[in-house]
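Presented sequentially are two complexes of chain A, the first with chain B as partner and the second with chain C.
Let's turn to the complex of A and B:
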């Protein structure tokens, strides 16, 4: 049973069939999946959700498939952690971490969108999948395509962190390292996508793919015992995740699964790659692209596809935006590790640093519920912190050698 | 008036008799769009909104540089410039 009515232009609201389409041919706005919410409301109850396995597909009626899911059957339902140690440091009362750094199978939130994209790609008859990626998406498409027996072409900027390159190559896709930044990779992939009959998960089947991010928000609401947090801080690159988190919460509200959503949504970007933050702060009508320069490479998108929607989401919710410098990112990665035992990647450093700033600026009040979105794993971006950490103590394999060191330390 | 070459994206090629590249004239992007409308009626409402402003999801490049890095719709044109109209990028 499918609840997809079709696709709809986010700008001019023209309707399209549920095919391989992603741009409105009239006004060039991006297309979005249009659901039959009346029908969903009749079947998707709390009891139904609670009776299903703990993975992202427990909300499958709100995801754009016509049949049953075939991918990502262990993806999602990652921990929502009550972060009391970090809360103490930041001076707030009720703080949570939604921890997708331990998502299955490739340790980032991208496993959610790829699970939807591959399930849908197969329904649409594709045998080859592809993506333009800053790393996490590359890893997830590589792994899930291997499981699904699909061919995969992975396009990445040539200067990516080694951990992210290896975590794609291990699954034996075709990895193409493009000499250029992500925006250039993206433009190239748009041309390739128009010529080859492949499912580019974040280009020609993007309307379906992007819906997977909503499950991040559904889980937060369910894990908070069926309510939305009052504040959520979200890292932004292309701006899709933040809009889908908002959409997910509003859908739960619409279906009567949670009370009225009063969540304020905050956008976090790395300084040197923060076109959305700039537009929000200046309340500008245009998103001025930038040439990205930040250690948060997974967020280094200078021309964000969903920049306008991200900005609209933040302002509509009453939230705000901030950026984090390279130094602040590293400090925040260390802070999260030393307080909550979570080693996040640079994007997570951005989010923690920005949360800290927004609390200091009193944009986020200390006595209300706050969720920090941790979307990736630090083992993939070790270069970012390696030089900033103390070196291990070298000793001989004898007790006296250890005690010699230990005496000095005391 | 500068004479320039304009790359037309697939969805607009129905208006340009299936041509992927056309010639047109203008001193800047605004006057170029007016000239394109004279030559290929209907193109302006596709590229601009009701207020005549460039639609949010149209990217225009002059010699491979995004006009948002230049002077937006007032970016000046010179003879033989290559202008590309490119629909919204996806990705991310």
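Let's turn to the complex of A and C:
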């Protein structure tokens, strides 16, 4: 049984059928999935959710499929950790980490969106999936397409270090290295997506794909014993995650699963790639594209597709935005690891650094519930911290050599 | 005839210049404006352009050279 009503334009609110469409043919606004919430309310209860396996599909009525899910059956329901050590350092009382650095199968939150994209792509009759990505998205599409038996095309800029694609190549997709600058790769992929009958996950089936992010918010609310946190800090690249976390919480409120949402949403970006932060601070209705320059490569989006909606969500919720420099990102990665034992990628460093700043600026009060969104794993961006860590202590293979060092240390 | 959908972002110094008109006239490209926003400091135009493929490319290059940011409407694809 499907609860999708259809697609709806986010700009002019025109309705469209639930097909392979992604922009409004009138105003070229982006489309999003619209659901029959009255019908969902009758069937989706806390008891029903609790009776289901602990993965992202326990909320399947709120995801855009017509049949049963076929992908990502072990994805999601990642830990929500009470971060007391980090809370002490930051001087706050109630701090949580939603840890998608251990998501299945490729250790990032992208596994959620790709699971939805692939299940929906099959329903829509596609046999080939594709994406353009330098990291997490490529890994996830490659792995999940392999599991699903779908053909996968991964487009990357030709100058990307080989090490970055090993976590995709291992699943045997077709990896196409495009000789061109970042803008040219973007333009080419946009053209390929409009010509070939492939499910380009973040282009022509983007309305369905993006819905997967809502499960991150559903899980937080459920893991907080059916309530929304008062503050949530979210890393932003294209801006979609922010809007979907908000949509997810509001849907839970609408269905009566949680009380009124009073969450303030905060946007975190890397300095040098922060067009959404700029728009929020200037309260501008227009996102000015930038040429990204930050070590947080997974957030390096200069022309964010959902930037305007992310800005709108943040300000509507009463939240704010901040950016983190490369040095702050590295320090924050180290801080999270040394306090909570979580090794996050650079995007996580951005989120932790920005949370610290917002607390210092008193934008986030110290005595209210705060969730930090950790969306990826540090093992994927080791080069970012490699030079910034102390080297191991070298000793001879003798007890005396060890004790000599040990005495010095004491 | 080919069609192309683009998002143009105009920095403040270019907002008052009739660049879209100049591009249309000079390269024989027909613009159909679908959405537009202008603030004090920046302008944004979403439009569909129709013309010969070569003329479309030249027209967009003309805008880029003038300082207009030309982007696909779907945003950055490489994630």
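Quick note on the criterion: the second predicted complex is superposed on the first by the 393 of 410 C-alpha atoms of A that agree within 3 Å, B and C clash if a C-alpha of one lies under 4 Å from a C-alpha of the other, contacts with A are read in each partner's own complex, and residues count from 1 in each chain.
Note that contacts are C-beta pairs under 8 Å (C-beta built on N, C-alpha and C of every residue); 3 or more make two chains touch, one makes a residue touch a chain.
Fair warning: this is a prediction, and the values are worked out from it, not measured in the lab.
Three-chain overlay on chain A, with chain B and chain C in a clash. Once the two complexes are laid over each other on the shared chain, residue contacts for A:81 go to neither chain B nor chain C. Of the two partner chains placed by the overlay, neither chain B nor chain C lies in contact with A:374. Shared-chain residue A:23: touches chain B and chain C both. Chain A has more of its residues touched by C than by the other of chain B and chain C. By the touch criterion defined above, A:107 lies against neither chain B nor chain C after alignment on the C-alpha atoms of chain A. Of the two partner chains, neither chain B nor chain C is touched by A:335.
By the document's definition of touching, of the two partners only chain C reaches A:284; chain B does not. In the superposed pair of complexes, A:175 makes contact with neither chain B nor chain C.
In the superposition on chain A, A:305 makes contact with both chain B and chain C.
Within the superposed three-chain model, A:11 lies in touch with chain B and with chain C [touch as defined at top].
Chain A residues in contact with chain B (one complex) as well as with chain C (other complex) are 11, 22-23, 26-30, 132, 182, 186-187, 189-190, 202-203, 206, 237-238, 286, 288-289, 301, 303-306. Remark: chain C residues 5, 7, 9, 11, 34-35, 37, 39, 41-44, 46, 48, 69, 71-79 touch chain A in the complex. Within the complex formed with chain A, the residues of chain B that make contact are 10-11, 46, 49, 55-59, 66, 68-69, 72, 86-92. Contact residues on chain A toward chain B in their complex (touch as defined above): 11, 22-23, 25-30, 132, 182-183, 186-187, 189-190, 194, 200, 202-204, 206, 237-240, 286, 288-289, 301, 303-306, 308. Interface residues of chain A facing chain C in the complex, by the touch rule stated above, are 11, 22-23, 26-30, 131-137, 155-157, 182, 185-187, 189-190, 193, 202-203, 206, 237-238, 282, 284-286, 288-289, 298, 301-307.
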